[in-house]
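What follows is a set of notes on a single structure, which appears directly below.
Letters A, B, C and D mark the chains as written, and numbering starts fresh at 1 in each.
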Amino acid sequence: MGLSHLVYPGANHTRFHHALGCLHLMKKAVDILKFKGVDISEEEEEGVLIAILLHDIGHGPFSHALEHSIVSDLSHEYLSLEFMNRLNIEFQGQLTLAINIFRGNHDKKFLCQLISSQLDIDRLDYLKRDSFYTGVAEGNINSERLINMLNVVDDKLVVEEKGIYSIEKFLVARRLMYWQVYLHKTSLSAEQLLIRLLRRAKYIFETTDEQIENSTLNYFLRHDINSENFDDITLQLFSKLDDYDIISALKSWQNHDDFVLSRLSKMILNRDLLKIKLKNEPIDQEKLKCHLSKVIKNYKLSEEEAEYFVFEGTTSNLAYQPDKEHINIWYKNGKIKDVSSASDQLNLKALSKTVVKHYLCYPKTYN
Amino acid sequence: MGLSHLVYPGANHTRFHHALGCLHLMKKAVDILKFKGVDISEEEEEGVLIAILLHDIGHGPFSHALEHSIVSDLSHEYLSLEFMNRLNIEFQGQLTLAINIFRGNHDKKFLCQLISSQLDIDRLDYLKRDSFYTGVAEGNINSERLINMLNVVDDKLVVEEKGIYSIEKFLVARRLMYWQVYLHKTSLSAEQLLIRLLRRAKYIFETTDEQIENSTLNYFLRHDINSENFDDITLQLFSKLDDYDIISALKSWQNHDDFVLSRLSKMILNRDLLKIKLKNEPIDQEKLKCHLSKVIKNYKLSEEEAEYFVFEGTTSNLAYQPDKEHINIWYKNGKIKDVSSASDQLNLKALSKTVVKHYLCYPKTYN
Amino acid sequence: MGLSHLVYPGANHTRFHHALGCLHLMKKAVDILKFKGVDISEEEEEGVLIAILLHDIGHGPFSHALEHSIVSDLSHEYLSLEFMNRLNIEFQGQLTLAINIFRGNHDKKFLCQLISSQLDIDRLDYLKRDSFYTGVAEGNINSERLINMLNVVDDKLVVEEKGIYSIEKFLVARRLMYWQVYLHKTSLSAEQLLIRLLRRAKYIFETTDEQIENSTLNYFLRHDINSENFDDITLQLFSKLDDYDIISALKSWQNHDDFVLSRLSKMILNRDLLKIKLKNEPIDQEKLKCHLSKVIKNYKLSEEEAEYFVFEGTTSNLAYQPDKEHINIWYKNGKIKDVSSASDQLNLKALSKTVVKHYLCYPKTYN
Amino acid sequence: MGLSHLVYPGANHTRFHHALGCLHLMKKAVDILKFKGVDISEEEEEGVLIAILLHDIGHGPFSHALEHSIVSDLSHEYLSLEFMNRLNIEFQGQLTLAINIFRGNHDKKFLCQLISSQLDIDRLDYLKRDSFYTGVAEGNINSERLINMLNVVDDKLVVEEKGIYSIEKFLVARRLMYWQVYLHKTSLSAEQLLIRLLRRAKYIFETTDEQIENSTLNYFLRHDINSENFDDITLQLFSKLDDYDIISALKSWQNHDDFVLSRLSKMILNRDLLKIKLKNEPIDQEKLKCHLSKVIKNYKLSEEEAEYFVFEGTTSNLAYQPDKEHINIWYKNGKIKDVSSASDQLNLKALSKTVVKHYLCYPKTYN
């Protein structure tokens, strides 16, 4: 949830809790499918359970912020895989099947779909969980009913015909959670601040001799980590990095000599964020420049430095991606249709159109 | 809910309970609007509360079934109005304002919209209530949040911009409840049986001297009630008619000499309903005729009588009717847009397309 | 729930729904016990499921009211057993095991305890259900957790040590539901009225030639049914008697010549009940006599007739009956203790003291 | 909740969220009381709202653990008061009324009782909140109904007669939460470990020259803070200390040269806690000594050092303290009784008996 607790103060749930929830739902899904006669061996059951338990293990602290600042070209999927491979060595190959399912390489494709698809267990858990902890009741989905409606036809995960309205509601709830929670403008503004703060920190610690106290964080700020040089030591250190390191660093950076680093740290810690405007059209460049000049003048900064406080960007939400992969509705007559054409009245095709919003961030005051 | 308890055994909630719920929600809506500075006088508040409390008072037992059989051309809105007028005499004109609001004649149109519109208090109560009692969790709506988002602009009820996702979810939940509950094929089949049963009873008691024990029901079976001859006595008797009269009649008709009446009564009481097929295309007339012949032959009936057991029809659901009336979204910049064009991604226009389904009913067995 | 809907308008749930709920919970209990290694054969599982499904089948309409008026010395347990025996003949002995469990005669006593004991499945369903439908949230119990804590030791149902606080809460919730719902003074007053009304009806129809239209109800009003003369025909007729017969009779009796019958009918139908006073001490006989005289004088009735409108009685609640049967707590060290001595702080022994309350009913007005 | 998330992974809610919840409930309570005619001026309303918002502001990170290690003789109530006094200077006396209410010095005693008593708003919020986030459903209380039952008689907060069953349930739920959550043996063991770890750290940093990186934490580890020397600078620094400082310190101390500090840090961070035995009787001193010797021998420690890993203690729960202050039940006849004598059946007097449990902690293994 990144910094969503700044908007929804109850949203302090953890990735660990999500992993347990996914495991629980996956067990239900496997039980239901086996009850319906789908062939899943004991090894496959164990594999798909391990895969879902570990699917998010590669997320670092403030996951998306970190991916766009410190370990810039390493996705969390890549890192999850690195961890699984490491664990597979430790457990002498017992995770091989899990890894194949996680990578989408297992020959029973429906098992891979349970891990990653338009209707995977991950989504069934996090939508419900995030709705619960934020209190955004409209995002609540009926995970249990959705799982009960699952089946497998021709090695594809399908939803039984009578589940179509539940799927519609799942897609609409997901869309609502995106705009109301995940892409809430205050969270967005906070996350962008954190990304810039970490980039600034990286710039400073890469270009000066200054010592940082936390050796783990030090490593990631001083080294350019990428898939080429990612090794066992990096993995080891990455596993130790958590929210406590980041926030503690921010706390100490409040008094740093660098104005940008110090100011950005204070802004996040005191929840004194940038103003953010969300628009359907591209940002007016005049306005952007105008705010930039004000920051340059008032904060006495270079243009480069001012861009830490005034910037634009885009955010988008694609509620349903049938091009990438379908949610299949299975009719009693044996036919299978994608949900966006199966739904008679609710034009779900529209959900597969990306909605792009443009944002402009700038300081609330210039004191 | 008519005969929905045959499908959802928990759905035994009453119209009385619904009336109390509406009153409760209306009080909340009035409080919120007044808090936001909307001018509502004490008399108007009383009026709109009375109007919602009594809005459904004209419903007879098994409301829709009755409207299509016994009091065929009298809508429940007409009857509610008759009751209110009668009460207005008794209370010496104290209901005049309430009646004007109910009829849509009050000059503050937003008060009328609270009683009857695409987002009226009636719907906010019954969707939540029916979802609760059927256990169809996906139909649950956040009535309280929807009410909190209400406002009035230019004498029109509007929903504040940030409520748009809640409105989308309300419309999708409503659509889901229609197909999953209100138009559930088993309820549909039961309701059609009841309509036909009551028509048969009316036919028998109008054309024979047979005495029926229940004098109230007797009156309605022997008289053709319509808006011309509807008088105070009819109103008085209508107010006494309830589910107990209908079901008790069915219980005694199980042993009636008329095969049709007796058989239909048993079918409903024993939940031994007709088979029903729901299709997107018109019913194949050959199939219909085939079932008719079987009934004629096996039950030894005339074609006219057989049509009580084999029949076709259509049912439709229009989730949102912007032509009739809008759900207005009010933007911070002052603009007002209909929700179907305000929603960026979810093509709500599709919701305003009527979905028609065709059904064919016929006996499960011919013993 | 008898006439509780007069107080809690949502409380319209049915005995059928309760039977389904019990079946559902019993399946869970059986699964948990089998999972823990308790030996339950397939036949026994079927037996205990049938027994719980049918455990309440002998309840007539407004069960307790009927037991104290029309079929005075026949308990619903006796009648349930009669139905099961009848079904056993129809199903050629397949219910024998179920009947033994229901009667407490099966050699595995814990199966009998699941049907009837201080912590039986019946209670686990009805407390939760009644709390849900009345909206008395404090009566809600965690049936699922309670079932998860069950085990069997020495053929006795026990609750594992860590479930002790849940048991305490179950007993307190039960007590709360008794006073707040089941013995609510308005329901009590309504039920006493109905008992007296049915006795009056029985008196009238036994002593006059008057014809009553409903032949089923007629049978029970004109015959003294007891365990001696209870036969197959009676059982058949009893199975047809439901709330619709009783309420329809009341509706027609509103206009009966007998003042007592007519007045009592109107009082119940119009929810215009007697006033009721609940006291910890016996009723002051002077007050009782005073009200009686007023009724005799104002209604112009004999003393015997007046006693239909003015009467006293007692009601009691015994929250926990360790003398009859224990709720056993099973400690990790193997010991078993009754919950009332196991609870360290909450003096549950007090719960096993019967609380008796005295009530006095009399008319609100004498017009 | 201290370290409860080690047992209940959802229990990550914050004190900030609790403060908001209390504010919300207090507003409800004030509205209800004013609606019932209790005289509360605007200043008093503001005062009681400020008092509840700030009542917990003096809690440091891992509150109770900190109180028993770092700032040993300063209660969180003392610190809350210090913060309020400081804010009162900043806000030029606007908090004076709030402070008087918080200290119990305001002349309307019922306002003080809303802040601190057997049924204060604090408890109404935290019981419900902790039940929600831990998932221990039985601890759920009906805060809203309890607030609706409040009234004031003779300047005392009372509960109306019909709320007595809700109060009983509140007391039982509270008791359940104590044993099942707050005093859960695993949390207890973790908290005791943390207390000892912080004492060890204090010992090391007071007796050596070693530099600690975090200057805020450094201050509290190197100084003996007590009510004598507590000044504005201390308050300032205390306000900056949070969970991030403590956990970050633990992370770095994992590699500390001091075996005790390093080992304790690892134990908490890796959730590799001590074994804990809970007994109703005092701990057997032989057993304690036996575990001590094992630790001395296996870890090669002095006895003093070994006592960080092997220790005994007591924990207790007093569910209801009528001696200290009553929960008053207000009868319709005007009388007021303490709930423990008002309850007819549930012996609440037993709740006022302190339950003491003894615990013994020692390592799971000696490697």
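Keep in mind that, in the parts below, contacts are C-beta pairs under 8 Å (C-beta built on N, C-alpha and C of every residue); 3 or more make two chains touch, one makes a residue touch a chain.
Source: prediction; values computed, not measured.
**Q** Using the contact definition stated above, find the chains touching both chain A and chain B.
**A** Common contact partners of chain A and chain B, which must touch each of the two, are absent.
**Q** Using only Cα atoms to place each chain's centre, name the chain farthest from chain D.
**A** Farthest chain from chain D, going by C-alpha centroids: B.
**Q** Between copies chain C and chain D, are the contact residues mostly the same numbers or mostly different, with half as the line?
**A** Counting shared over all numbers used gives more than one half: same.
**Q** Averaged over CA atoms, how far is the centre of chain B from the centre of chain C? Could you give it in whole Å?
**A** Each chain reduced to its C-alpha mean, chain B and chain C end up 35 Å apart.
**Q** Per the centroid of Cα atoms for each chain, what is the distance between chain C and chain D, given in Å?
**A** The mean C-alpha positions of chain C and chain D differ by 45 Å.
**Q** Would you mind pulling out the distance in Å between where the CA atoms of chain B average out and where those of chain D do?
**A** Centres of chain B and chain D (C-alpha means) sit 54 Å apart.
**Q** Return the residues of chain C touching two or more other chains; collapse runs of consecutive numbers into ranges.
**A** Answer for chain C, listing residues that touch two or more other chains: there are none.
**Q** If you connect every pair of chains that touch, what shape comes out? Choose line, ring, star, complete or other.
**A** Chain contacts: single closed ring, each chain with exactly two partners.
**Q** Touching residues of chain C toward chain B in the complex: what are they?
**A** Listed in rising order, the residues of chain C that touch chain B are 5, 9-10, 12-14, 16-17, 20, 213-214, 240, 243-245, 247-248, 251-252.
**Q** What does chain D use to touch chain C in their complex?
**A** 137-138, 140, 142, 145, 165-166, 168-169, 172-173, 175-176, 179-180, 280, 317, 319, 344-347, 349-351, 353, 355
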